[in-house]
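Structure incoming, see below.
Each chain gets a letter, A, B and C, in the order it is written, and its residues are counted from 1.
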């Protein structure tokens, strides 16, 4: 039974990674940059929801919507202020700027909200219960886990439909292939990139809320490690690929929970990263990534 | 032909010589101020870390700036070096009483070990390019941090003992001493590092990096950075030269780790985390990619800066972040570049006017440009 | 077991017999021989059944309409792409499983259609990178500045200046390669390729972007290079004056296949070539 319960925790954690990784992969695919601040947007989303629900007593749904709205705005603002001026700059300059933004968000959060950990309320409850018990209490599935997995699948399906079917989605794909050509075809590249950041940040907010509901403590640095892990998940699955991010996230979550349960609590991160290295060495573009040949 | 050769040598060597001169002058000034008791003790404590960070920055510059590969796990090599050095220095305590000899041997051991790991990681990993290499080096740094965190090392008369995960697994005889205690890190280290040792290590690093870059191998590394396909087409092996830069850099980072580690009585593995790697990367980027002098200055200034801003403790990291973003925008955005160039021109113009005026009234004032 | 080895049933392959090289090179084996060379990109055959031989001191031309696969042939020869089929014999040696760098060390040097210089290095350093494999001193000699470093660097510098003098570029030696004007960049690429001491030099559109007088000068220089270094040169070019003026043997590609081979005169008179370039004449 503990095996099954580990599978469930793995998938649930993996779904959180997958939601963050989906945002990462969208942004990377189009802006071709490692947005290190992505993890900190997660943190901001979680704080917004936390204060909305616990300090202003707003209903959880409003809290989530507020977090999504504010993070979307924040993501677009960051893009406009920090990344857009560097569109032509070397990628390392953009990377360092993203690190600067990440530091900024963490330290601003530290000043504003303090360094004491916030206890995130369990708000996905039915009646008094936060989950269902099966097999006479041997197996417990929290509602957060269920919501997370459902949300993750829905988001992935939505993104695939969006990038495949809608005009904006097609514009995004065009921009990720060739910005110059896309511009010549009349696509507003700046608006498209901005839109991508908006979607990525909205997903980050959702991930932040779900993550803090599942793991209940909230700190200004809460987002950075999941951010790095989710990025790893995106690379793992093949960066730029939506199903890849989903697959990478799930696998990463399951691997992490299983190593924690059966091998070593302390070495879980090391093993997760070691698996990543092995995957990249065997398949340098990740599980579902495309090979890009340099034109000579 | 003959005279031209001389001029070329001078020009190529001049930059390196100026860097040595800057480091030596800085060392002399600090020593002089120190003798006069003019350096605050808080800054005094920073002298060795500054040297260590300069070595870190210069060595990372060899990978990021000169070789053009992004590495986000440089602190991992520093960590390997530091703990190897600590173990070596403690193990040699009885055999070699002279502190500076032990420090030197510890540095050699740390550099060798870190270099070895650089080789082990580099061989498979340097096939990856760009962001993929970045993420793998990041993963490497995290793995090192994790493993160092569960490592227990002790020494008794039978030699060095190593155990993992639990301290109780480390069985030492009566007179044995534990050196590294898992998450607590190394404890009871003999403080061997001195500012002079740090200064010498910086000089050695400059010597190695600058001479390497200005040699046949260095040209190959630069050529591979500028255009990999063209470099291959003139017969350069990509792996060999990427690896050369990577391993040299890792070894120097290892030596820097020893310098850093033997400067404290206790040291935990989590000191060398992702943030440390990023910090060093920031030194390199702000100092200028491939610019050795820039790395030295950026590392020194940015290590002092947070200390100097200690009064504004709460805001200093925020200010640091804002400065970082603004500098990146100012140096990389064409509009901002123009704006700053215009401002500088105006400032220069004002100065010129000022000097010209003062030149008329004050004798000798016209000596300035 | 009998000592005599039984041969498995042989697979029959046609022997390339259509290959031509200049008469003066005929007593020696060709420097390059391609047999049934081909590559597929995702099912599409970009080059197929490419057979060609180049004499030791021949200047050969590879022409064809845009997209015919000319640069792909160069990329196959230098192993930027690994061929799907066929054999490349360089001086009689099969280059199978060699890398780009190894092929260069074996004797093929090239230039690129879209110039690829080491932009941030000086002109002389670009050439010195080309001389890299003719220098021997190791990493330690370089760092410790042992006598080997000084001696070899001096020799390399002199050699680099000598090579630059082919195009009268000595005065530019200290400029940054990326800051040179277009024509000079093309010439520097040739010098850098020559520095690797090749026996076959591949030039990918050396006259692109040059005016008629520059092209004429280039023509002379190509001949001069062949004469002084006694090497074979193969070039891709759209400027027919240059091709017809300098090449001895010409090979015409269309849709990845050779449609004609011969001397400039033969090629000019070949109806298949005219058709490939101008399209089929409409029946009246």
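Note that a residue touches a chain if its C-beta (ideal position, glycine included) is under 8 Å from a C-beta of that chain, and two chains touch if they have at least 3 such contacts.
The shown structure was predicted, so the numbers you read here are calculated from the model rather than taken from an experiment.
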One chain's C-alpha mean falls closest to the whole-protein C-alpha mean, and that chain is B
Chain centres computed over CA atoms; the one at greatest distance from chain A is chain C
The distance between the C-alpha centres of chain A and chain C, rounded to whole Å, is 49
Between the Cα centroids of chain B and chain C the separation in whole angstrom comes to 44
The distance between the C-alpha centres of chain A and chain B, rounded to whole Å, is 32
Multi-chain touching residues of chain C, meaning two or more other chains, are 80, 112
Shared-interface residues of chain B (touching two or more other chains) are 229
Contacts with two or more other chains occur in chain A at residues 296
Chain A contacts chain B in the complex at 28, 34, 82, 85-86, 88-93, 95-97, 99-104, 106-108, 110-111, 228, 231-232, 235, 239, 264, 266-267, 269-270, 273-274, 276-277, 280-281, 284-285, 294, 296
Per the touch rule, the chain C residues reaching chain B in their complex are 78, 80, 99-102, 104-105, 109-110, 112, 116-121, 125-126, 128-130, 132-133, 135, 137, 139, 141-145, 149, 152-154, 157-158, 161, 174, 192-193, 195-196
Chain B residues touching chain C in their complex are 1, 5, 8, 207-208, 211-212, 215-220, 222-223, 226-227, 229-238, 244
The answer for chain B against chain A in the complex is residues 64, 70, 124-125, 127-128, 130-132, 134-136, 138-140, 142-143, 146-147, 149-150, 165, 229, 274, 278, 281-282, 285-286, 289, 314-315, 317-318, 320-322, 324-325, 328-329, 331-336
